[in-house]
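First subunit A sits with subunit B, and in the next complex the same chain sits with subunit C.
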Partner chain A sequence: MKKRGYGLANMWYGIGNTANPNPSGAFVDFLDDGTAIVLTGCADIGQGSNTVLAQIAAETLGICIEDVVIISADTEVTPDAGASSASRQTYVSGNAVRLAAEKVRDQVIAIAAEILNLPTETVNLYQGEIWNSNESSGVSIKDIIIKCRSKGILTLGHGSYNPVTTMLDPETGKGIPYATYAFATQVAEVEVDTETGIVEVKQIVAAHDVGTAINPQNVEGQIEGGCAMGIGYALLEEVILKDGEIQNPGMSTYLIPTSLDVPEIHTIIIEESEISGPYGAKGVGEPALVPTAAAIANAVADALGIRIYDLPLTPERVVAALKSAQEDSKKV
Partner chain B sequence: MPDLSEYYQPQSLTAALELLAKSNGKLIPLAGGTDIVPAMGKGELKANGLVDLSKLSEIRRISMDDSEIKIGSLTTFAQIETSPLIQAKASLLADAAAAVGSPQIRTTGTIGGNIANASPAADTVTALVTLDAQARLDSIKGSRRVLVSELLCGVGKTNIHPQEIITEITFKIPSTGSKTGFIKLGRRKALAIARMNLAIIVTLDNGKISFARVGLGAVGPNPRRYPVLENSLVGQSPSESLIDEFAIEAEREVTRVLGSRPSAIYKCEAVKGIARDLLKKMFSDSGQGVV
Partner chain C sequence: MAQFHLEMKVNGKAIALDIDPGLRLLDVLRDILHLTGTKEGCGEGECGACSVILDDELVDSCLILAPQAYGREVITIEGLALNGELDPYQQAFLEVGAVQCGYCTPGMILAARVLLNHKPKPSQQEIARAISGNLCRCTGYAKIVQGVEIAASIKETKEGVSRA
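After this line comes the complex of A and B, so read on.
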C-alpha cells in the first residue's frame, strides 16, 4: 500500500569555523582600462564563489561584473582565504574582497574629488562613471585612473576579514562561536510503499534565510543541491564496514541520488540582511543540507505512524520496522 | 587497465567464429563491454585476449518475420528501448531495456551480453524468459537454437561453448490483444542493479485470462518463469481481488525459493509491492502494453 506523509524540519547553522580565527584575504588592482583584477585564495569548488566575489567587487567599484577578473585559489599568487568549508566564503571572503575594493574605491574617489573639485563625501563610483550625489559627472572612472597613473599613483587595495568570535569556555562551553547564523525550514512530502519499503520524495519546500542573496539563482542552485544531498543522507548513503574494512568504497556500491531520484524543490529565499556581511550576505552551502533528512524522516513517520531512528531509511529498514510494529501490536 | 596480450576486431561473423575456434577457449567474445571491461579492470575476470564483436553490424538489428521477432545479439539496450516494433509488440522488453543502468550503459550494452553475463538480476533476461525467447548460437561447426532459460545454468554460468557466439534472439509475438509489462525494484531510479524484477504477459478472452506468463529475476540464480504464478492468473478475471491473490501467491513462491537466505525477509514482502504496481498498471484501461 502507498502511504503519503509530510514532515517539517528547522535548522540554524553557524557561518565560519567554530570559535576559531578563520581569516580571508584579498587583493584588488583597479587597472587603467577601467577593469579590475581580484586575487583571492577562495576555491570555487562549483558553488559559484568566483561569481559572487566578482559581483561584490563590481558593486563596490561601480563597474560591470564583466569588467572584473577573478584569480582564485592559486597558492602561487593569491592570498590565503581559508577553506571553502563551513559555509563561510560568501561571508568571510566576500567581506575581504569588499574591504580591498573599498580601499581602491576610496583612492579613486579622493583623486576624482580633487580633479573635479568636488567634496569627497558626495562622490561615488557608479556604472563606470564618477557621480556626484545622484548625478553623473560625465567623467569615466577609466579617465580618473589614467590620471592617477600620470601622477605615478597605482590604484591597489588589500583587505582581510576575520569573523568576530570568542573561545568557548572549557567548563561551560559558553562563548561566541560564530559571528552570524543561517536559518532554514524545509518541508518534505513522501510516498512510502509499505511492501517494497521504497520511500519516494515527491517534493520539498526549502525556505532559507541567507541574508542578502547576492546571486539569487546561485542560492537556488545551492539549496537544490543541498536537498539532493539530503535525500541521499536520508535514503541511500551508508558506509558498510566489516572487520574495519569498507565494503562499498565506490560510486557503484555507495549510492547517491541520480537526477531521477530528485523531485521538484521549491526554494524560498528569505533575505534578512546581516549587518556584518558583505552587502548583507551570510552563507547557504551546508544549511541547505542540514534539515532535509530530518524533514524526510518526519514525513516517513507521518506516513507510517511509526518512527525509524536509523538513517538511511532503506527499503529493508522500512519493511523491518513495519513488521516489528505489526508484531508488537499483536502482543498487545 | 586490464592486462591483455591479444585483441582482435573481426569485420565479419565468419572471421570472428574462426578466431574463437582456433583459440582453444583462450579468447573471450566482447560485445558492449559494460560487464567485461570493469570485471577485467578489477581482476575478477582473466582473459588472454578478446574478440571485439563491435564491427559485426550484421548482428545488430531488429526485424519481424511473420509472427516472430528477431533481435541481433549485438543490438543495444537503447535500440531495443526506442524500437517502435518492440514497443508495439513486446513492450515488456522495451521497458526492461529502458530499466538497465544509465543512458551511457544502454547505448553500449547489448542484449546478447546481458544473456551471456548470466547475472541473476539481468533486466532484459527476465523479459526474455517470460517471452520464452530462444537464442541462436553460432560456431564454425554450425548453429543451434536454445531457450534462453535453458542456456542459463547458474550465477554467471551458461551452456555457451567457448567457440560459440550468441548471434540472435527470437521470440513469438504475444497474441493480439495481450498485455505485457515489466517492473524493476532498484535501490534508486537509475543506475541500479535490480533487487528484483518482474515481467508478466496476459492474454484476455471474453474478460478472462486465457494465457499467462510470469518471470521473476534476482530471486533464484537466474531469471526464470514461475508456472505456479502463471496458473494463479489463468481462468481469472482482472480485478482488485485477483491482484491481492496474486501478490500473496508471489510472496509464497519467493518464500519457497529463497528459504532462509538473509535477503528473503525483505524480498518476500517486496515482491507483493511490485506485483501490485505492475498488475494495477496492466489491468488499467490505458492502452499501455497492449500488443
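After this line comes the complex of A and C, so read on.
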C-alpha cells in the first residue's frame, strides 16, 4: 500500500565560524574608463560569490555589474578572504567588498563635490553618473575619475571585515558565537510504499530567511541544491565501513540523487534585512540542506505512524521498521 | 608501444593523430586536443561528466577507447558555440542559472542536445529521464530541466525563422 505523509522541520544556523576571528579582505580599483576591478580571495566554487561580490561593488560604486571585473581566489594577487565555507562569503567577504568600494566611492564623491561645487553630503554615484540628491548632474563618474587622474589621485580602496563575536565561556558555554543567523522552515510530502519500503519525495516547500537576497536566482539555486543533497542524506547516502575500509566508494554503490529523485522544490525567499550584512544580506549555503532530512523523516513518520531514528531511510530500513512494529503490535 | 593512427572528426574538423592505443577518448580530447570542456568525474562511467556525442549518441568518453572513435564523429561542448555566438543550450542555461560549479554542465548540455535531436519538444519528465545519467551535486536539477525546456523553445523559434 502507498501511504502519504507530510513533515515539517525548522532550523537556525550561524553564519561564519563559531566565535573565532573570521576576517575577509578586498581591494577595489576604480579605473579611468569608469569600470572597476575587485580583488578578493573569495573562491567561487559554484555558489555564485563572484556574481554577488560584483553586484555589491556595482551597487556601491553606482555602475552596472557588467563594468565590474572580479579577480578572485588567486593567492598571488588577492587579499585573504577566508574559506568558502560556513555559509560566510556573501556576509563576510560581501562586507569587505562593500567597505573597500565605499572608500573608493567617498574619494570620487569628494572630488566630484569640489569640482561641481556641491555639498559632499548630497552627492551620490548612480547609474554611471554623479547625482545631487535625487537629480543627475549630467556629469559621468568616468569624467570625475579622469579629473582625479589629472590631479594625480588614484581611486583605490581596501576593506576588511571581521564579524563581531565573543568567545564562548568554557564553563557556561555562553557567548556570541555568530554575528548573524539564517532561519528556515521546510515541508516535505512523501509517499511510502509499505510493500517495498521505497520512500518517494513528492514535493518540498523551502522557506528561507536569507536577509536581503542579493541575487534571488542564485539563492533559489542554492536552496534547490541543498534540498537535493538533503534528499540524498535522508534516503540514499550512507558510507559503509568495514574494518576501516569504505565498502561503497563509487557512484553506483554510494548513491546520490539523480534528476529522477528530486521532486519539485518550491522555494520561498524571506527577505528580512540584516543590519550588519552587506545591503542586508546573510547567507544560504548550508542552511538550505539543514532541515531537509528532518522534514522527510517527519513525513515518513506521519505516513507510517512509526518513527525511524536512523538515516538514510533505505527501503530495507523502512521494511524492517514496519515489520518490527507489526510484531510489537501482535505482542500487545 | 606501437602507435595507433587515429582519424576522426571532432566538432566538424578532421583530425589525424598517432596515439598510444590504450588511451581513452577522454584523454585524447583533453590532453592531446586540449578540449578541456569535457570533464573527468568518476572515470568509471557512473557520473556522466565526460559525456560527449559520438555519431549522434551520448557516450561516456572515459569508457571509450580512443581507437573506437576511428572514422567517427565526436561533438564536445566546444563544438556548440560557433563563431563566438552562444548556442540555444548555453543561452538558456545562462538565463535560468542552471550552472553552479559547472562540472556537470558540458555533459548535461550534450545529453540535452541528443534528447532534443530526437524529441524537439520534450516534457519535464522526459528531460529528467534524459539527463538522469548525468549527476549534479549542486543545482538540485530544477534549473537544468528548466534550461533544457527554454533551449527547446529557442531552437524552435530559430529553426522556424530559418525555414521561413
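Criterion: the second predicted complex is superposed on the first by the 332 of 332 C-alpha atoms of A that agree within 3 Å, B and C clash if a C-alpha of one lies under 4 Å from a C-alpha of the other, contacts with A are read in each partner's own complex, and residues count from 1 in each chain.
Here is the rule we go by: a contact is a pair of C-beta atoms (placed from the backbone, for glycine too) under 8 Å apart; a residue touches a chain by one contact, two chains touch by 3 or more.
A quick note: this is a predicted structure, and the numbers were derived from the prediction, not measured.
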Partner chain(s) touched by A:155 [first = subunit B, second = subunit C, both, neither]: neither
Touching partner for A:95 - first (subunit B), second (subunit C), both, neither: neither
First (subunit B), second (subunit C), both or neither touched by A:229: second
First (subunit B), second (subunit C), both or neither touched by A:260: both
First (subunit B), second (subunit C), both or neither touched by A:320: first
Touching partner for A:195 - first (subunit B), second (subunit C), both, neither: first
Which superposed partner A:45 touches (first subunit B, second subunit C, both, neither): second
Which partner, subunit B or subunit C, touches more subunit A residues: C
Overlap of subunit C and subunit B interfaces on subunit A (superposed complexes): 252, 258-260
Residue ranges of subunit A in contact with subunit C within the complex: 45-48, 217-218, 220-221, 223-229, 250-252, 256, 258-260, 262, 264-265
Contact set on subunit C toward subunit A in their complex: 42, 44, 46-47, 96-97, 99-102, 127-129, 131-145
Residues of subunit B touching subunit A in the complex: 102, 185, 187-192, 195, 247, 265-266, 269-270, 272-274, 276-277
Complex contact set, residues of subunit A against subunit B: 193-198, 236, 252, 255, 257-261, 314-316, 319-320, 323
